[in-house]
């Protein structure tokens, strides 16, 4: 019997990306797509490139029906997601939440970084952070998945083996990240009006980005230590793609460092080791995280660089990887195929 | 039993695009990939993004083995393709030639437009022009497919219904086309060095492009008339994507014009009618040709605009569409799936 | 004594471009910059790249003072510009209007193409169309300059010598144009949100663009004939730059055609003949119109291709060229210098 | 009397940029432009955008005449520049060398980072590192200027005030930089073929970039300490523009940190403090270095971010700033004007 799925916030970039992937799933029945902006319109009317797919004629609904689906993907703003996830869970349904509503155990971060008080602190404890490479087993039994942010995904995958093995000097984690502009969402902003973002690049939120408490929360869970991260994100004038360049001091030599990473990730289906720093172009559309591990022997710093598609492994295809784990489909199913097909050269 | 396939010229853009698509084919065994430049190297070494696919470890050979495969894709320069196709056909094998070697029945065009005398004029007669929307039945029984050029594909699909129904005033076909830079191939050129092509656009070969005799050869076959085309190609500063904006005078009214096109293409799996002029972004990676048909009532000119991926419907996925027809696989197989997955938003 | 100048609509792309150029003018005193959006803010606050210029601390005013300046640049929407120009002229001041408010003598075009009835038809007669290559003498004595649109500038400069010498077959003018996205203005639109316009291109308004009546009005003035133009504009994924590719049938041979253009434009300071089709990159920031003239002998069509900066010769630097003519400064002054400096390679 | 100037290596990106700027100089006579590739051709033939300038008809020579000029700009590869600079100095002429031939006092770096032994170590001592903000007085009297690299310019300007005041914890300088592709020069490379670099970004030389010894040499001169820099450069898919994001631990508070920078640079004509992280778009074509200074109070790291045009302040306009100092022209002359005009919005 088909798994019934609903997408709340289906007209944003992550919502549409979910539709691209769900199009492949034979086990899934799409019962609702929700978008207040486009209520009553067919998918193909708003997004004509869907005209040739099976979802072509589905119409956007205004409000989610909390009885019709088994699993709800939330691709809506953080604050309403807090409330909606609670309601869906109360109906004994499952939630994969692509917002930050349930990502941070440290609930004090919400007022400071997101501007609202979190109403369901007990639910925060039950939510599972949906990074399969770290929390695979918990994800399988979760009812509420907090699907990771894009910067945290790229950065945590670059740090995890080193944190787990405790080889990082505290206070030396310096992260510089680059993101394509789709990461800022579908909403219009002057800075991202095409003529202005064209041929441009800049750092932003250089000392206080919303993804910092999310990263540190995980770092501290993994390492058992209170480690702070120095993080500067930058805008890349492309649509999709993200790089995280992670530096940290370590006593390991180069060979052992690389070996540590290879060992930890040896069975991971979506992590690809590269011999040169990864290129964003060759992860776009995929669920891959390409990784490069090196040691700067002159300074004693490890340099680990990851590349993901911010809307793929950084959002929607990772959500589907979590979906596969929750519903008991083989983890790679559809996503391996999707990843191989989507990467185009040049 | 598997169909044995060889790609000659596998390291260029169309060759690599064939590999992306062949990766999907369960019926195919890839027996050889040929590239003099990369002889002896594994695919994954040269193109690391293939590291996760089943073709990852295949090594490039220097010369094609003319006995090992059933079907040969030629993705090499025009002049050597003339010779190689002959040799393969003499072995009773089939050829899908992505070069222009066998596209133009009018062999006099070769010295003028391609700089060499064609040695096998009788083979030119037997070659079938691989545009399925026009020559589907002949393609099914062909041994030698001349896979169309990108500009001719986009332009002929914009003209075909009108030519067939004889509604065009001769001498009024004016075509302006835009192409992404991948159309110029993988070879390095100063004009297409990134810093120079960035933020740039220009017309080129404004009165004498190589694709003109190919287009006119087909136009004249379809219409039975000696019609000349005024054609100006332009460079778009993107990697992939092509638009052909075709103007011609006609006596039809708008309603009848649109109806004519819809009727002709009503069963075509890869032609998508759009209500606004098509966007290149939403055909990239696919085998689709998106089309828009309109009449400028003030001037009496029809305006038909098509968009394709120059490496997709304009080259490699069209070659696979021809492959499906030749080997008797369902025409849409894999290609529909490929097209739906590859198109990403935004 | 300084010429007092005011810019109404100073925060849009053409307004800011005027400021970049006016910065050079020693003869000018900038008395006001008007922007409702930024009333009370200093220029450097809103546009930090101005921080190092002499205009850095000027504050935006909400409403224009109709007594303080000698010449007003209007860079506001069409409809309010109709009214404001009238008021300024009534004060015996001069107006250089960058909107379409006074461009079209045929006032019936306004309701059809711009959606409003024109209230001052007698002023339409007095307005001078500010294309110096065509109307230089009239411009010198004008009080109201209708500064041309970008597509009309590029297209009329490609047609003018041929129209003037009456060598064009009527009903054969086919124009295809490409424009950078800054031409759509500073206002936000979904189509021009960076992630969506990135790697994209498409035709728009393929049969009814607002610049058509403006072009035809001039064509008909020059030729004395009622000639219609088939015009299709396309979006280029860059910020600035415009190409107009103009085809028309003619009986002239290639040599005579080129000679005709060279002769007509031989003293023009801002028209540069190029031996290959012009590149947008090498007119950006300048007041140049680069031009290429050719004949397609196979079809009997002339092909004339122009490239301009849509915000330069297509808007603000052309406005300053008109300014120089009006106030009696040498026509090339500052603008030649500006053009040479602004073009950067690569 | 005019200062006679020669450009050796005039057809590369930095050479052409010098020509754009020299075009402004009334005090200069350009006696020779050297390019083996284009010997005998006029500037306008090779670079048609120069057609309207006073240098339009100058022809490229094959070899420099060491007697004809007073000052030679070297824009050639590092190794031949070592030799040529020596010869020119032996003639009692002056050299402004845009290569790395004389930048690093520590001559051992040459074999390791540049692949050749340096033949003139005594000249290395006499060469003055041409970063006016640090070495202005020495530059005025120098005969041999080693014009800084682009990454060192952006990075050293971000570090200088902090190094000078000794407020940096050693071993905590982590630099991440982003560069437009023009920084890789005019020579063709597969990675920078337009279709491949389009929509792409990646780190490169992540632990051993050639600019590291140059930066450390200066850092050690300024601080008197042997400080190593952790440096990762990344490719930005644009033509021009560079960002250097510099992190270091400090005990200063935010207010004092910012004050320190403002005080140090208070009279610098080409350093512009910005209130948000600088955007590359608004330094392109200019000699400005835009700077942003901040403290991440959570981690105790300072974050200083600079933006320059890699071909401007990072190469050719900085060379002209050095030229002004050497010949005794006012330091800002022409360059202030150039900078204000060249920056275009959007």
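In this document, chain identifiers A, B, C and D correspond to the written order of the chains, with residue numbering beginning at 1 in each.
As a convention for this text, contacts are C-beta pairs under 8 Å (C-beta built on N, C-alpha and C of every residue); 3 or more make two chains touch, one makes a residue touch a chain.
Not measured: the values here are computed from a predicted model.
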Furthest chain, CA centroid comparison against subunit C: A
Chain pair, B-C or C-D, that carries the greater number of C-beta contacts: B-C
Computed distance of Cα centres, subunit D from subunit B, in Å: 46
Whole-Å gap between the CA centroids of subunit B and subunit C: 39
CA centroid of subunit C to CA centroid of subunit D, Å: 37
Shared-contact residues (touching 2 or more other chains) in subunit A: 13, 182, 186, 193, 195-196, 198-199, 237-240, 276, 284, 345-346
Touch-based graph of the chains, sorted into line, ring, star, complete or other: complete
Complex contact set, residues of subunit A against subunit C: 13, 180-182, 186, 188-190, 192-199, 237-240
Complex contacts: residues of subunit D adjacent to subunit C: 13, 16-17, 20, 23-24, 47-49, 51-53, 182, 186, 198-199, 239-240, 272, 274-276, 282, 284-285, 288, 336-346
Residues of subunit A touching subunit D in the complex: 171-172, 174, 176, 178, 193, 195-196, 198-204, 206-207, 212, 228-230, 232, 234, 236-241, 243, 245, 247, 276-281, 284, 292, 294-301, 303, 305, 307, 345-346
